[in-house]
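Here the chain labels run A, B, C, D, E and F in written order, and each chain numbers its own residues starting at 1.
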Amino acid sequence: MAKRFLALCRQAPYGNALAREGLEAVLAASALEQVPDLLFCGDGVFQLLPEQSPAGIEQKSLQRNLQALPVFGIETAYVCERSLAQRGLDLGMLASGGPELRPVSDTGKLIAGYHSVLNF
Amino acid sequence: MAKRFLALCRQAPYGNALAREGLEAVLAASALEQVPDLLFCGDGVFQLLPEQSPAGIEQKSLQRNLQALPVFGIETAYVCERSLAQRGLDLGMLASGGPELRPVSDTGKLIAGYHSVLNF
Amino acid sequence: MSLHIVSKSPFSSTALADCLAAFSEGDALLLIEDGVYALSGRMSESPAVRPVYCLESDARARGLEIPGAVEAIDDARWVALCTEHNPIVSWFK
Amino acid sequence: MSLHIVSKSPFSSTALADCLAAFSEGDALLLIEDGVYALSGRMSESPAVRPVYCLESDARARGLEIPGAVEAIDDARWVALCTEHNPIVSWFK
Amino acid sequence: MKFSLAVYSAPHSSQSAASALRFARALLAEGHELHRVFFYCDGVHNGSALAAPPQDEPDLLGAWQALQAEHGLDLVVCIAAAQRRGVLSESEARRLERPAANLAEGFELAGLGQLADAVAQSDRLVTFGG
Amino acid sequence: MKFSLAVYSAPHSSQSAASALRFARALLAEGHELHRVFFYCDGVHNGSALAAPPQDEPDLLGAWQALQAEHGLDLVVCIAAAQRRGVLSESEARRLERPAANLAEGFELAGLGQLADAVAQSDRLVTFGG
C-alpha cells in the first residue's frame, strides 16, 4: 500500500515562488499517481481567494493550477479554520471550481496521521 | 556637505546572510569615508549578544566585524529600546568592545532625520 | 518625512508591526507585494496610521478589495510618493 | 507522532506560533537555526509544549543559554529524533 | 530627481526583483534619472545570463538589458556577493579557476563601495528585498 | 532507515543549505541510508559549479561532491526550478541557447516527479527551507 503523504501549503501566492512551486510539485506527484492530500494553512489560505488578477504584476494566476487539481485526482483539500478566522475569512469567501474545501479545526491531529509531509 | 545616511540592521546573525552582508556594506562604505550611522532594531539586536561561537555551524563570528566598526569611524551605534524589551534584553546584556551602544526610544524620529536609509 | 514600504504579509511576518513602531507623525505607509494582505484584516477599516497607500496592481493580483481608508495608487504615483518623502525605508523581512 | 522543526525567530516570523497551533499530544518540537531565539523569551522558562529540543551548536553560535526545560542535542540525536517521529514537519517561513 | 535602487532578491524567487524593474521603468517614464541599480545579496542572480524562464513567464533579464541599452543604465552587481553565489565574469571565472562565466551583457561587477557611492550621489535610494 | 531530503535554500544566503549538509553527514555517520537529496526552489543553486566562496567560508559544493563520491548519493536538481534560476547542464544550455553550462559534477537534473518518488521510496522525508 502506498504511503500517504500531505502537502502543507503555508505561503501566500505571488510574493514569493513557493506557493507556485508547491502546487507544481503537487501536480507532478499526482501525474505520477502519487496523489498527496492538501492542507492550506497560514497565509496559504490566501491562495484560495477568488478573483485573483495577477496580469498587472506580470504573473500567471495560480487559480488555474488549483482548478486543475480534481483532474489529477485531488477532489478535496483541507483548510485550517483557525488560519481563516485569523484573517477575517470564512469558507464561503473562498474560490469555487477547484477541489472541494473541507475545514479542519485540529490540524495537528490531521498532520500526525500522515507518513510524510511536503512543506511549501 | 555629505548627505547623512543610516544603516538599519534588522536581521539576526547566521540564519541568513543579510546581517553579515549588511555589516560588510557598512564597512565598505566607511572605508570610502562615507560613514553611515547604525541602528539595530528588531532581531538585529541579536547581533549584539556576547559570546557568539558559530564555529560549530562553520560560520565566522560577526563580532569581529562589529568590533572593527570604531576603527572605521563608527564610534557609536543606536539600539532600539523597544526591540530589546520585547526580547527580554537590556543594554547591559549586550557585548562590549565595539561601538558605544546608545538606546533609542523613538526610532521613527531618528530615522526621519536622515537623507537615506540602507536596509539590512 | 519617511516613506515606509512594507512588502510582507502581517499574518506571517512582523515587518508591518515593526514598521508601525517606527512610524512618525508626517510619515506615510505604502503596502506592496504581500504587504497588501494588511487590507484583509482590521487595518482596512481603521488604519493604525495615516496616510496609507497600496499598489493597486498588487491588491488586484491577490483578489483583495481596497477599502476607502486606503488610497490605491499606480506606479507613477509610487514614484511621486518617493520624491515627496525622504528617507525611504523598506520593511521586507 | 510528528516532529516539528522550527528554524525562524519567533520575534520576526509567525513560524513558531503557527507550529504551536498545529502541535498534537505526543508530538515533539525541535528548534534549529534562528528558531533557537525562542530560548531568549518566555518559552525558556515554561514552554507552551513538551518536549522541546534545540540544536546545541545553533544556540551556542548565537550566544544563547539553554534553559533546563529544553534539551540540547547534537546532530546524531537530531537524526535519532527523526527516526523516532513521523511525519517530520518543517516550519521555515 | 536622481534615484538609485538596491536590489537584494533573485528573479523567479521573490516578487521584489520584478517590483524593482517596474519601479525603474516608472521613474524613467516620469522623467527622473536612474543613477545606478546595485544588485546585492541574492539580487546578484538578476545578472545571470543562464536564466531561462518558461515562455509564458516574464523575461526579467531581457527587460533589464533593454532598459540598460535604451537609457545607458549603470547595472552593478556586487562582486563579493556574486562570487559566493556563482555569478562570474569571464575574467573572474579565469581568476577563480571556475569552468564557465555567466554574467549577462549589460551588467558589470564592482565593489561594495559602489552602493555607498550611489547613496551619496543620489537624491533617493529605494531598497527592494525579501 | 531510508531518508530523503528536500532542500529549498541557496548556500551562502540561508543557513538551511548548510543544515541540510550537516544532517546528511550525520545520518550517514549513524549508518542510515540517504536515498536522495532533491534540490528545489532556490536550493538548485547548491548545484552551481561557479560558486566561489572566500577561503575562510565553508565550501558547501565541495562537501556535497565529496559525500556524493563516497556514498554514491543521488543528488537531484529539479530541472524546471533550475532553468528559471540559471542552473544548466551542457545539454540544457545547448537546448535553451544559453552561452554556458554551470551544473556541477556529481549533480543531475531531473523532473519534479523525483520528489514524490523520493517520498514514496523513503521512510523519512526532511525539508530544509527558508
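The rule is simple: a contact is a pair of C-beta atoms (placed from the backbone, for glycine too) under 8 Å apart; a residue touches a chain by one contact, two chains touch by 3 or more.
Quick caveat: nothing in here was measured; it's all calculated off a predicted structure.
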item	value
Label of the chain whose CA centroid is most distant from the centroid of chain D	E
Farthest chain (mean CA position) relative to chain F	C
Top chain pair, ranked by how many C-beta pairs fall in contact	E-F
Copy pair chain E, chain F: interface residue numbering same or different (half cut)	same
Length of the line joining the C-alpha centres of chain D and chain E, rounded to whole Å	37
Inter-centroid spacing, chain B versus chain A (mean Cα positions, whole Å)	39
Rounded Å distance, chain A centre to chain F centre (Cα mean)	26
Sequence positions of chain F contacting 2 or more other chains	8, 12-13, 15, 22, 41, 57, 80, 124-125, 127, 129
Touching two or more other chains - residue numbers and ranges from chain B	5, 10, 14-18, 42, 57, 59, 116-117, 119
Multi-partner residues of chain C (at least 2 other chains)	7-8, 11-12, 14, 18, 33-34, 86-88, 90, 92-93
Those chain pairs that satisfy the touch definition	A-C, A-D, A-E, A-F, B-C, B-D, B-E, B-F, C-D, C-E, D-F, E-F
Residues of chain B touching chain C in the complex	5-6, 8, 10-11, 18, 41-42, 80, 82, 106-109, 111-112, 114-117, 119
Residue ranges of chain C touching chain B (in the complex, touch as defined)	1-2, 14, 18, 21-24, 26-27, 86-93
Residue ranges of chain D in contact with chain F within the complex	5, 7-8, 32-34, 75-76, 78-80, 82-83, 86-88, 90, 92-93
Interface residues, chain E side, partner chain C - complex	1, 3, 8, 15-16, 19, 22-23, 25-27, 29-30, 32, 123-130
Contact set on chain A toward chain E in their complex	14-17, 57-60
